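Below: a set of structures, written as structure tokens.
In the two complexes that follow, chain A is the common piece, with chain B as its partner first and chain C second.
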Partner chain A sequence: MEAKHKYAFYLGCIAPNRYPGSEAAAIKTSRKLGIELVPLKGASCCPAPGAFGSIDLNVWYAMAARNLVLAEQMKMDIALLCNGCYKSIWEVNHKLKHHDELRDGVNEVLKTIDMEYKGSINVYHLAELMYDDKIVGPAKIRDSVTNPLTGARIAVHYGCHLIKPRKDREFEKTEILNTENPTWMEELVAALGATPVEYRQKMMCCGAGGGVRGYDIVHALDIANEKLINLKEANVDALTDICPFCQLQFDRGQIEIKEKFGVEYNLPVLHFCELLGLAQGMSPQDLALDLHGISCEPFLQKVL
Partner chain B sequence: MKEVLNMAERKTKKEISSTKGTTTAVKKQAPAKLAIGEQPAAQKEARIGVFICHCGTNIAGSMDINAVQEYAKTIPNVGYVDNYKYMCSMPGQAVINKAIHDNKLTGVVVAACSPRLHEPTFRTATKEGGLNPFRFEMANIREQNSWVHMHDQEGSTEKAKDAIRIAVAKASLLEDLFPKSVPVEKAAMVVGAGIAGMQAALDLANAGIKTYLIEKTPTIGGRMSQLDKTFPTLDCSQCILTPKMVDVGRSPNIELMTYSEVESVEGYIGNFDVTIRKKARGVLTPAEAAAKGIVGGGCNGCGDCETACPVIQPNTFEEGMKPRKAIYIQHPQVVPLLYTIDKEACIKCEICVKVCGEKKAIDLNQEDEFVKVKVGTAIMAVGYDIFPIENKTEWGYKRYENVITSLEFERLICASGPTGGHMVRPSDGVAPKKVAFLLCAGSRDNTGIGKPYCSRFCCMYSLKHAHQLIEKMPGVQPYIFYMDIRSFGKMYEEFYYRIQDEGAKFIRGRVSNILEDPVSKNLMVFADDTLLDRPMKLEVDLVVLAAAVQPSADTNRTRKLFGVSCSMDGWLLEAHPKLNPCGTTTAGVFLAGACQGPKDIPDVVASAEGAASAASIPIHVGHVELEPYFAQCIEEKCAGCGMCVNLCPYTALALIEKDGRKVMQVTEAKCKGCGTCGGFCPGGAIWMNHFATPQIIAQIDAFLLGGEH
Partner chain C sequence: MAKTKGYPEALETKLRDRYMYGDDSHPEFTDSVEKISMSIPHMCYQCGTCTASCPSAPRSSYRIRKFVRRVVLGLENEALTDPDLWLCTTCYSCTDRCPRDIAPTDVIMAMRNLAFKRDIIPVNFLKTVQAIYTTGHGVPNNDVNRAARVKLGMDADPPTTHTYKEFIPGIQKILDYYKLKANADRIVKEREG
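Coming up: the complex of A and B.
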């Protein structure tokens, strides 16, 4: 299919380093849906919104602005696949577009590396583009599926930073503005042929964000553990998310929970792009699913 | 503005001759007006008095009054200049009066606040000085100047000079005008028959005025009839309401039109022509049946049809918690006792027609009817609706079965309600043990989803609900989540203490989230207890949301018919929030009850009595004076094209045959002086009284030419 929509693809840190399958899946599945993701060369860390935002906002603004300028130079909007990156890159873009003083300050810094932020592009999360029927939409996703995930019970973890804080967020599809009980990701999961499953405390945080995982791992894991208890109760085959950091927290976190709390869940955790890849016929090897902390085998046996 | 003026000054030097040419050309229009029989003021020697008000420090604190005064003396046609601390005070008005006599002034300019506030005051002062009151012009140097340029002394001084120069230019050309007196129809209309509309109609009727009471639903009574008990007296709502409903039904001066809507409104104070759509209810009253020659026929409310009807619908009066049929009455105490057919639901099986038999009350093919009435004044009492609280998704209304609204609670606890007054929770029909009440649900909400205002009666009815639970169901624990308890009315604070003593638990904090246990359907309520400064969670069986209120669905359509403005929230706007709370900016149209903003029953009744009193005044006086701002046709210039007739929003214009040709004619009482026709007329044949073209051109010139002529 010819790519109608081109975006500068911002990778972030966790996806390429810990879950390279998501990166591969994002590029390959998007292409089948009419989106071409062009590498954003020279990009740095987004930088992490919790860690940097809590310590020095000016560094946060300047680094995110540099990434934005790289895309401006390519004359392309940014697409990304991580809620944390979305928070940094989208929000800094939004702030700089609306606050002249802030923009002038940032440009002062960027001048030292011969760059200037202009505010000429937009930032999108890949999931948001997948749901927008003007770009992709659930119907088109359904049509692209060659290996429907029939029979798989899949729960969705939305993560926080894409949709919260709701106050300034702007989405083409207003369904995404529903912060308390969104169901648009469930629609996407259903488009893959799987059965989306509701569970208790769906909108609870994964526990990792905002620097909590780095600062107080036991506390962070305690939160993830509560979500895992609720997921187990709902009897799901896998959890899907749209944020590699949430994925890391639930996937590697299960190993740490086993060590620290002595409980075991063995719940496969897949980024939505990985799920989409499976449904479009990518092999588990192409998706590097063997790099996951928790084995995806039981889930794969069910859907392949 | 200053820049514009400088540009104008520069332009003046270069192009003065050409601009001057235009001015003279336009001024030539004035003699044409002579044909109507007036002497243009400009032809006499205009001597204008300028009076500058300090308004304490409101104006004087932000500009140099002396500089403005000195400047005013240099404006052409100015015969006298003075300033005073409060021009609107009696001594201030005396200054104007004396100056008119001493200086033989022909016009008055007061530079002060807005015409909305004090134009009537200064017109009276002008009149007392011996001039026609319409020889007065106001320069607003407060709202549009000192208040907005509080920290720009120099700028506001210059702007005041401009405003005065412009006002003097107009005042020099003002003419004597005479208000028109028109008779007032001795009848009134009340739209909406909730407690506000009923009270207003009863008062008008008791004052001897024929009153049309229009209600869109099949019965009168409104929201109050849905309530179980009223705070703080705890008397039964229906018990105190039904006597009034009966009175309304019986009053010889009230013509009650239920299941009807206002379709169109024409005319003006004293003479409103209102068309009412009587929606086809499919059922004939005894009177309608008699008119059709059916002896002893028409609906007597026996209910046989309802028993027979096979179609089941949710009963909106019971908030959908009880079924009704396609032919229905909302509750046993309806006034008028008359069945109505839900046309959307009716399958036209005609079983009801058969069981009705000889009464022949049912006409399934009935169509909407239009009735025209003439009234002198009208009251809007269109009430409120409940905000769709499901939009606040965090509380899960419509998602969790055991989250209900306070209005649903009223019906559930009411002895005549769907459960016969047994308070049960929707998921399993079991009586709850722990009930959480969420106050400010969607009120005082700045997220953009809810409403920013306080809905004013939720605190009190939630206290009442807590009391009802404790009284009716010993052992039940009510928890009240609140921001502030606003118990401001008579005996309200005492009621609050009483409920505290009875054992209701109060938690100061907004609820952030509610989660449902998928099995037990119990609800986990998460909040921040701001008094103990700690987050809390509480498992309850039932959550009651004290949802915000908003203007009723039809408010916007109806208000436009009557030309009433609304606030940003959609509530109808009174003429003045403090000093004219019942009036509107449309003369002869008044407001009663919660359509103005949230009000509890005592406030609603008080406001209804106020509106009824205000609406009866023009009717009792018998005539009203209309401002003489109407358009006039300069017949020699009129080409009879008729463009203006189509443009007029008030149907005040018509083409007539005169001396063998067509000319336009104005119905002066209908004309509001909006100027649409005058601004459009290609031949300049329409003269707008008090806003005539030469007067406006003079104002523009005075501004652009910076005082040079």
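Coming up: the complex of A and C.
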């Protein structure tokens, strides 16, 4: 069957290079939902908005524009699975489309590598496509589920850079513009048969962004730790995210928190694509869940 | 700038008064920050919604409101030499809630850009630049992950610059255009030898 929707699949760094199961899951689960993800050959780091944005915004614009041009050459919109990548790729695309001076500056640099940014494509996060019923929508996701995650209490970490700052963002579904207390991801979790769980300070940052994880790891982990305390209070079986960098912070971060603060949570952390994969019948091996810092076993026993 | 209070000299050299003097202020700093951030910090009325929304504030002395005030007053040195400048996680909660439609997060990023011009930058930022210059990735692949990818039935390397290395010279050209790699190498060497 010819897929109805085709996107250039922008991978970023952490998904393919640390959690390859989420890349595999994104491709397989999307196919079942009528989305074909075509490799965006030669893409680089988005580049990391915290690191590059802090050093020189002009470099950030130019490097992100190069990735955008690769998709323009394929004449395809971009789909991606990371909030940090969304900030770079979506936001630079948006800025260059609206600021002539910025675009001219970027094109001057791109000229040295025989490229030109035209502003001919759009950028989407897979999570927003999953929620958009013109593309997929919760009902279609529910229909694709063969192994409902019944009985699992799952909390959502939305992360920051998909939805904030709200005043710049443009989404088909206005529910995504609610940055104070959104519930659209909970709808997606419910579509998998699981029980979405609310917790205190749900919208708080994971603490890793802006280069803080590298600059002051104890400070960054302390932020993640506050969220983990709140998640423990809510008695959840797993945390789901839509950003591999947040996932790294919560998953591998729990090991660092144990070392530095002496507290242990053993809370499995899964990208929404990984959860969707499990619900569509992919095995833990298909998702390389053994690469996670925190064992997913207790959660898997509940849902498999 | 310290001004004398008439204490004995040994003490004077250790003290700094709390006044702000005209020559502490650099209006061109305010202008640069507004230009780079494409935001309007001069509209700030110091309500503190930003600091109250900030996940870094409760666990440090970082106060975003204070940084915005420094921008408005042109206190360049005070802002750029403060180590707290690097504690913003860029969560954009302040930007989302600012009643004056300022983007304090972008104001911080602009100040970091200006600090970098004075070589004030934590090395972890520069190491990301070095990694991208060599591989195209800020977080490059490794052997454990390659083995896992193969087990998943995927190529050992993703279809990015890792597989299509012919794109790396283009990336290097962009970074060299801004002399970013040379500066990163120089500063990392100064810090770490």
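Throughout what follows, the second predicted complex is superposed on the first by the 302 of 304 C-alpha atoms of A that agree within 3 Å, B and C clash if a C-alpha of one lies under 4 Å from a C-alpha of the other, contacts with A are read in each partner's own complex, and residues count from 1 in each chain.
One rule holds in what follows: a contact is a pair of C-beta atoms (placed from the backbone, for glycine too) under 8 Å apart; a residue touches a chain by one contact, two chains touch by 3 or more.
None of the values given here were measured: they were computed from a predicted structure.
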item	value
Chain B versus chain C as contact partner of A:T179, first or second or both or neither	both
Contacts of A:A62 with chain B and chain C, given as first, second, both or neither	second
First (chain B), second (chain C), both or neither touched by A:R200	first
First (chain B), second (chain C), both or neither touched by A:A288	second
Touching partner for A:K167 - first (chain B), second (chain C), both, neither	both
Contacts of A:V212 with chain B and chain C, given as first, second, both or neither	second
Chain B versus chain C, judged by how many residues of chain A each one touches	C
Common interface residues of chain A - those touching chain B in one complex and chain C in the other	166-167, 179
Chain A partner contacts - residues on chain B that touch it in the complex	393-394, 396, 399, 447-448, 513, 515, 517-518
In the complex, chain C residues that touch chain A	36, 38, 55-56, 59-60, 86-93, 95-96, 101, 103, 105, 109-110, 112-113, 116, 121-122, 124-129, 132, 136-142, 144-145, 148-149, 151-154, 158-164, 166-167, 170-171, 173-175, 177-178, 180
Contact set on chain A toward chain B in their complex	166-167, 178-181, 200-201
Parts of chain A lying in touch with chain C, wherever the complex brings them together	11, 13-14, 16-18, 20-21, 23-24, 39-45, 47-59, 62-63, 66, 99, 109-110, 112-113, 115, 160-161, 164-167, 179, 203-205, 207-212, 214-216, 219-220, 222-223, 226, 285-286, 288, 290-291
